[in-house]
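Below, chain A partners chain B and then partners chain C, in two separate complexes.
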Partner chain A sequence: MNIHALLQLVASSMLINNIVFTLLIGFCPLCGAYRRLSGAAWMGVAVTIVMGTTASCCWVINQYVLVPRSAQYLHTLVFILVIVSLVQLLEMVLEKFFPWLYEAIGVYLPVIATNCSVLAICLLSVGANPVTGRPFTFVEALVNGIASGAGFLLALVLISGVRHRLELSNVPAAMRGLPIIFLSAGLISLAFLGFTGLSFAPMFGG
Partner chain B sequence: MMADKFKRSVFLQNPVFGMALALCPALAITTSLKNATGMGIAVLCVLIATNFSVSLLRRWIPYRVRIPCYLVIIATFVTMADIIMKAHEPHLSTNLGIFVPIMAVNCIIIGRADSFASKNKVGASIIDAAGTGLGFFLALLLCALIRESLGANRLFGVTLIPHVEPMRAMLCACGGFFSIALVLGISSHVKLTRSKKQ
Partner chain C sequence: MTILFPVFLLGLLGCVFGIMLSVASKKLYVFSDHSIQKIIDVLPQVDCGVCGYQSCAAFAKAIVEGKRDATGCIPGGAKTAHAIGDILGISVTPAEPEMAVVKCKGGKKESTLRCLYDGIPDCHAAILAGNGPKTCVDGCLGLGSCVRACPFDAIHISDNEVAVVDPEACTGCGACVAVCPRSIIDLIPVVHKIFLACSNHDRGARVKKYCTVGCTACTLCVKATPSGAITMASNLPVLDYAAQENFVVAAYSCPSDCFTDLVKFRPKVNIDAKCNGCTLCVSACPTNAISGEKGHRHVVNKDKCIGCGLCLDKCPVHAIAMWGGLGYTEGGKSNRLRITA
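Coming up: the complex of A and B.
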């Protein structure tokens, strides 16, 4: 496990394979009601926490429960149940031990439980690591979850900024609302294409 | 009455264009008509099977734990669809990749189970599922038509205009956003002109 592969993984899952703009997963909350920047940022923090915990838990369950029984076909079913119960548990833990954090992100947790991006990250974390090409290790799965959540946070903040500007501009009547948001998201996604091929290897001499 | 309802759930309450639901698959897998057809059929089958079973079990599912129950039912059918697709259409299955298992938390399927099948009889639920699924299928086909013809200069793998360089960007992630924005914009333009006439 070297730090350079981990950094590359962070860049890969946050920017190169940004879950919203490149993989196109979990777009629904972006067209929802998170117009305020602070709301979008807290939602992103909640997603990051949930993705980190669920990705690592799903990795452990896959490795020590499903693989020994060769029951990998149950991935989807098991992971959904794990996510739903973990989010419930997380809600209780946060409420008890970090009330200030619960106050900020508590309302977003139930929404995140059935968001497809969380399930997608769990399913990806039992597959192959895009950087090394080998299966994920536990630390890599955890880092991948957190970095993907950070990518989601980035996307939410970017879109909320764009929406803020759009409210002040004169958009053609037919394009108002969702169409113009999609158009701007497409432009951001075009910009994210620029991250393709980003590599830290030369920087670290790897 | 039934036909009217069916038509409404296919066109007016189209899940993608009318209600902006389940956008992830609509954005991601519409790079070719073949992928869109595969995904559309898979969603249609899972939707019908889910609505059928939820409607059958509606008296026995306790209200408070209904969403986890629906998730388990949906995930079972999605797993079946995934395995069947892997066995019979391995190429399509690799193309769709993670988007087949992700269907298990698709907002359309959960939405129809919760808002329709849990309150209605089996027959009506199946018709509702078929209408919604068909609407979703049509939306996918429309996006795929735009993206494949512009981005690859092909339809169902057949070249349209020879010796023309296609706009490859339409096949990238951004093309999905552009095509949905285009279709949503046209549909809202039609709605606006119609409401002006009245």
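Coming up: the complex of A and C.
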């Protein structure tokens, strides 16, 4: 485990394999009501926190409960249980110890509990690390979760900016609302393909 | 056994998480005031943001914490204010209910254009593009910025392409007032149904050229209101709603028909048999609707009477009364007729 591989993992989860624009998971919040930049940003922060905690917890549960009994086929079911319970717990912890943060992101937490992107990151973090090709270690799973959440935040902020512009543009009647959001997301998705091959290797003499 | 294992595992995990959550909910219990939830329940729940808070919940919290007055919810009005007062055990005096009015009725029929606008259908955008297509620089553009701003769906663009407020649906929240780029939407007390539907400050002769319902600053309405409730300010009459004045005569005296009266049918005056024919009411009537000779019972021409009520005070024998309702029923028949028939 070196800093180079971690940095590369962050770039991979956030940009190259951006959960929304490359993996095309978790579109629902984008199409939802987050038209304001602040709302989108706080939602993104909430997703980042939830992804970081759930990805690491799911990795632990997988490593020490499921793998020894070769019960990996229960991934999806168990992870759903873990995510929902963790989000509940997280809500309580935030309300108790970080009331200011709870005030900002509290309303988004129940929405995130059933968000497909969180489950996707948990399922991905028990697979193979795209950078090293080996299974994720605990630290890598944690970093992967947080970086993917940051990628999600980036996507939400980008789309909220697009929506803001769209409100003042003369969109053809048939394309108003959801269709134009999908189209714009598709175009941003094309742009994200440009991150493919982004590598930190030269910086580390690789 | 292979079938039982997932059952066992998921059951165990469920139990562990359940116990963990119930312990956490005790350990991490945060005291919250129950009156907050009660107040949230009586609020309109539209999260319009007029009170200055993002949501009704945040507003409820601010009330309980004493940061805001119980009367702060404008869309909820007096009913909500009293309900909040009951929950908190305090007495509240709600503000007078208001409603929004668009102070322009010069649509495509009445006013002229100086160019054609074919851009983004939004008033702000039209103003950026050469101050809009209308010749009148204070007129309603009819592109619906206020319609989109209204949280209660109370404003619509009429067929005549001006914004019109639905008095029934408007709560007086003021969202449209803030968003109108020409600042021609205003809040008036709900009890006053008459307002000046023109915002043009131009000189009369020029206004006449581009709008048939534009205020020409003729000051006839000022003269028709001896109480002084209307004053002129930069070529436009200003109505003082705080004065005890109903503005009916002013509205009907306007030669350009600038005033809008939201009442469909005003009550008409009727003179009963007590009339001794003193002719005081005849001289008081601004529309010459009352006729009659001295010593004989006077009669009211119901078509001419505008329901201003000026003659009521003049009658020394209280023979004059207002007849008729302020509204009308859809079927054209009153409920009472339907019950007896």
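The working rule: the second predicted complex is superposed on the first by the 206 of 206 C-alpha atoms of A that agree within 3 Å, B and C clash if a C-alpha of one lies under 4 Å from a C-alpha of the other, contacts with A are read in each partner's own complex, and residues count from 1 in each chain.
Keep this in mind: a residue touches a chain if its C-beta (ideal position, glycine included) is under 8 Å from a C-beta of that chain, and two chains touch if they have at least 3 such contacts.
All values derive from a computational prediction rather than experimental measurement.
Applying the stated contact rule after C-alpha superposition, one finds that A:T132 touches neither chain B nor chain C. Residue contacts after overlaying the shared chain place A:L74 against chain B and chain C alike. Taking chain B and chain C in turn and counting the residues of chain A each one touches, the greater count comes from B.
After overlaying the two complexes on the shared chain, residue contacts for A:L89 are found with chain C alone; chain B is out of touch. In the superposition on chain A, chain A positions 74, 77, 81 are in contact with chain B in one complex as well as with chain C in the other.
Of all residues in chain A, only 21-28, 31, 73-77, 80-81, 84, 114-116, 119-120, 123-124, 173-180, 182-183, 185-187, 189-190, 192-193 touch chain B in the complex they form. Against chain A, the residues of chain C that register as touching in their complex are 5-6, 9-10, 13-14, 17, 20-21, 24-25, 28-30, 55, 119-122, 124-125. Contacts from chain A toward chain C in the complex involve residues 61, 65, 69, 71, 74, 77-78, 81-82, 85, 88-89, 92-93, 95-96, 99, 107, 168-170. The residues of chain B lying in touch with chain A in their complex are 20-24, 27-28, 67-68, 71-72, 75-76, 78-79, 82-83, 98, 101-102, 104-107, 110, 169, 172-178, 180-182, 184-186, 188-189, 192.
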